[in-house]
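Shared between the two complexes below is subunit A, which has subunit B as its partner in the first and subunit C in the second.
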Partner chain A sequence: MNAEQTRKAIVLAAIWTTLVLAPYWMVPLGGYTALATRVLVLGLAAMSVNFLLGFTGVLSFGHAAYFGLGAYGAGLTLKFLALSTPLALVAGTLLGGLCGAILGTLIVRRRGVYFAMVTIAFGQVFYYIAFQWSSLTGGDDGLRGFSRQPIDFGLFKLDILSSANNFYFFVLFCFALVVGAMGFILRSPFGRTMIAIRENERRSRFLGIPVERHIWIAFTLSCFFMGFAGALYALVNNFADPRGLHYSQSGDFVMMAVMGGMRSFWGPLLGAAVFVVLQDYLSSITVNWMSFVGLLFVLVVLFFPRGLLGFIQRSKA
Partner chain B sequence: MTQLLLFNVTNGLIIGAFYVLMALGLSLILNLSNVINFAHGGFLVIGGYIAYTITPYIGFWGALLLAPPLTAVIGLAVERVLIRPLYGRDPLYSLLLTFGLAFMIEDGTRFIWGPQGKPVTIPAFLAQPLSNDLFFITGYRLFMVAVVMIAVTLLFLLLRYTRLGIRIRAGTLDLETVAALGINVQMLRSLNFAVGIFLAGLSGVLAAGQLGLEPTMGTGLLMPSFIAIIVGGIGSLPGTLVGGLLIGVASGLTAVFLPAASEAVIYVMMAVVLLLRPRGLFGEEGMMS
Partner chain C sequence: MNVLEINNVTKRFGNLVAVRDVSLSVAKGELCAIIGPNGAGKTTFFNLISGFFPPTSGAITFDGRDITRLSTHQRVTLGMARTFQITEIFPELTVFENVRIAAEVAGGYRLRPWINRSEQAQIHARVEETLKLVSLETKTDRLVGELAHGDQRAAEIAMALALKPHLLLLDEPTAGMGDQETYQITQLIRRLHRDSNYTIVLIEHDMRVVFHLADRICVLDQGNMLAQGTPQEIAANESVQAAYLGNAA
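Entry: the complex of A and B
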């Protein structure tokens, strides 16, 4: 093992240790376990957005739609179909991912700002559906009347409903699965191709890479991840909110990715942690928290465009 | 039935006229500077509230004349300080910045003027309906449509015949060459931005007279304006004009038959256009990729 590899292994070990021990160090610092769970889920969503934004280089500004679809998929499953947490997760993931796969075919030919515009507009379609179809989705009030279920392992049941710590570890386990999948894909030849498209699309095309198909696959994969994160979020809150599909939620996700560092794998998780904690704090001390969040956007763009991790990496180099 | 139909088509045309004003401004900025201005709805709100504030002193007509240029001046300052550093960077950044700006404007107006809706008084003779049968056609509605028509005509004349307009159109096609010909591109972008914000301010004043003012009103108009641009064809201003009217009338008509779908229908139209004619109705091949 050379020095670089050792360094990476240490960083990775530190990240996972921090995450595994989060319930134990967050509470003494004035946080609460549910906050850690929320950071984890929203961080997963931000990492899914960044899977597309940071590693394929196409700007989707409507990803909240697939997040929200995941949440509704999970919620509706628990409410009407079956009292099973794993099934709810699968249903949410499929709903978000499949909708993304279908719309992706209409979107992938656009680039840059136009890609962003079309993704925003399509995302709003799902927002309106969730908002208007009150008989199924609860409309403006959101979908209520379901709750996450204990997980039955045959020999014993894991109670994730009343024990905040158990639920945190369950979410962490799900998080690890998806993050592992993401890392695996990014290391594969396909992942390298995604990065090649980001770096130089025209050259990739000349090398014979079917760029549109690759972007479509990357878009679809990130929608599946997003749906999964959304399904987890419905379990966190026992509630699905139409505003979770709105483009302003997409903006939050993109902001988390940018604030943490788009070019790094773990950056969005850090961004999500900072964003969630900051929002939690600001909304508890002032009614004008919207202004401060807006100001945060402006300041990050003007002075911190490479994000926290990008900043650290550059000042070290 | 005919009257209901006429009522909703008129409504659609009027709301479409708002979409057109908003979307033309957005389109101008998008075409020349490659910036999606999320704060465009915010500038509309600023225009409306400026009109509300100065109406007691100089009357409705004074506000109509003065509020749009004042909004444009605010727009110029924002462009100079916040947006100019971002030209040439990934469009992601200007998008995020204007997104944050929209938050700040919405919250700021709520802070200054309060969350309750504010009425703007319009001249009495404009508030009268024209006849009892056509009760929904008030003088003010006709007046709004007329103002929008004049503004759009002036905009197209400006772009067609003035030096500034010709430069804007040339810059839209090939900014590098325009810069190489010795034209101050920064100045061009600023002026173009100001023209776009002027239109947003104008729609703000008009909307204030019709709907009253709320801090959130701009956000609601933003998404249809996006769709007007996409349907009409990105890069084409006549396309934006047609797109705005089209989606306005379409949602008006849908309100007759299926009220719940009147907002969804414009998204369906967008999907159909993207499926059958990806460049939009008037768009040029390759503009969207």
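Entry: the complex of A and C
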């Protein structure tokens, strides 16, 4: 192992140790376990957005649609189909991912601002469907009347409803699976073609990469990840909200990714942590909490264009 | 057999005819240089060959196959590689990473979510061999964006070579270079042609380079093919000499 690999292994060990021990260090610092769970889930969503934004170079401003679809997929499954948490997660992931795959075929033909606009437009379609179809989705009030179910392992049941710690570790396990999959893909030949497209689309094309097809695959994968994060979010709140589909929610995810550092794998998680913790703290003081988050965002973009993590990494280098 | 056959190709942009009824055959192992003044349609001609846009009329055959309507990436898959007048590279990746992407695509791994050790070892060997060919083997870990212009151009050529092309299209490989860098790139192209027997079509402004390298020279003027022939024939062609070569020839 060379010095660089050792450094990476140490950083990785530190990140996972921090995450595994979060319920134990957050509480003494004035936080609570459910806050850590929210950070993980929204961090996963921001990392999913960044899978596309930071590693393929394509900006989607409508990714909340697939997040919200994941949440509704999970909620509707628990409410109407079966009282099974794993099934709810699968259903939410499939709903978000498959809608993304289908719409992606239309979206990937566009680039830059047009791509972003089309993603917003499709996202808003789902928002209005959820908003109007009250009999199924609960409309503006959101989808209620379901709750996450204990996980049955045969020999024992894991209570994730009443034990905040159990639920945190369950979410952390899910988070680890998806983040592991993301990391695996990014280190693969396919992942390297994503980075190639980000770096230089014309050169990629002239290396024999069918750029649109590869962007579509990256888009679809990120929608599946997003759907999974959304399904987890429905379990966090026992509730699915039409605002979870709205483009302003997409904007929040992009903000988390950019603030944390969109060129770094873990940056969006840090961005989500800052965002969620600030929201939690400031919203108890003022209803205008978003102004302060917005101000921080502007400062980060102005002074640390590579994001908080990008800045830390560069300082070390 | 000819690697490339271009038959009566025309490209119009509205009322402008950028390339008019041009035909060209390139034999295997040949180095053909395309020259002509600015606006002669050289780069448009290259874009037609590489599939950047389709011709208005005419046909292009590559390795005996009609590729007139094929997309760029399909042509690359068939064995055509290209470099650009303004270097197109992945500036924030290392030299090794730049060439590895090309080698992986050429190896058919581009959609693979994993790569095993023996495949990886093959790719690494291929990358190292290619980098040695362009004399970049000591700079593998450098970011391409931080290299000197001549080395960036060499890295771009290495990416093209890693695709194992049957035809190499080089668009002004010495553009913007000093004498030393021009000499190095010229020697590299010469080695690729003479020693490795690559079939090459290049656009070039520097007549010293053209006459040093080319088996055959094609002269484009306002979208028309003005003349084709050996360097000696082109040098002796009075109208070409008067119009394009000036004193350099």
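We take it that the second predicted complex is superposed on the first by the 316 of 317 C-alpha atoms of A that agree within 3 Å, B and C clash if a C-alpha of one lies under 4 Å from a C-alpha of the other, contacts with A are read in each partner's own complex, and residues count from 1 in each chain.
Here is the rule we go by: a residue touches a chain if its C-beta (ideal position, glycine included) is under 8 Å from a C-beta of that chain, and two chains touch if they have at least 3 such contacts.
Quick caveat, the model's predicted, so the values are computed rather than measured.
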Exercise. Do subunit B and subunit C fit side by side on subunit A after the overlay, or clash?
Worked result: fit
For this session: Mind computing the angle subunit B to subunit A to subunit C from the CA centres, in steps of 10 degrees?
Result: 80
Problem set entry | Partner chain(s) touched by A:L19 [first = subunit B, second = subunit C, both, neither] | neither
For this session: Would you check which partner chain A:P210 touches, where first means subunit B only, second means subunit C only, and both and neither mean what they say?
Result: second
Exercise. Is A:V171 contacted by the first partner subunit B, the second partner subunit C, both or neither?
Worked result: neither
For this session: In the overlay, answer first, second, both or neither for which of subunit B and subunit C A:G112 touches.
Result: first
For this session: Would you check which partner chain A:N288 touches, where first means subunit B only, second means subunit C only, and both and neither mean what they say?
Result: first
Seminar exercise, completed: subunit A contact check, subunit B vs subunit C, more residues touched by chain B
Exercise. Regarding the shared-chain residue A:Y128, is it in contact with subunit B (first), subunit C (second), both, or neither?
Worked result: first
Exercise. Between subunit B (first) and subunit C (second), which, if any, makes contact with A:A240: first, second, both or neither?
Worked result: neither
Exercise. Can A:F61 be said to touch subunit B (first), subunit C (second), both, or neither?
Worked result: first
Exercise. Once you lay one complex on the other using chain A, what is the shortest C-alpha distance from subunit B to subunit C, in Å?
Worked result: 12
For this session: Spell out the part of subunit A that touches subunit C in their complex, as residue ranges.
Result: 184-185, 188-193, 195-196, 199-200, 202-203, 205-211, 214, 217
Problem set entry | subunit A residues within the subunit B interface of the complex | 53, 59, 61, 106, 109-114, 116-118, 120-122, 124-125, 128-129, 132, 247-248, 251, 254-255, 258, 288, 290-291, 293-298, 300-302, 305
Exercise. Which part of subunit C faces subunit A closely enough to touch in the complex?
Worked result: 50, 71-73, 76-77, 81-82, 84, 88-93, 97, 100-102, 104-106, 109-115, 159, 163
Exercise. Once bound in the complex, which stretches of subunit B touch subunit A?
Worked result: 30, 34-36, 82, 85-86, 89-97, 99-104, 106-108, 111, 223, 226-227, 229-230, 234, 260-261, 263-264, 267, 270-271, 274-275, 278, 288-289
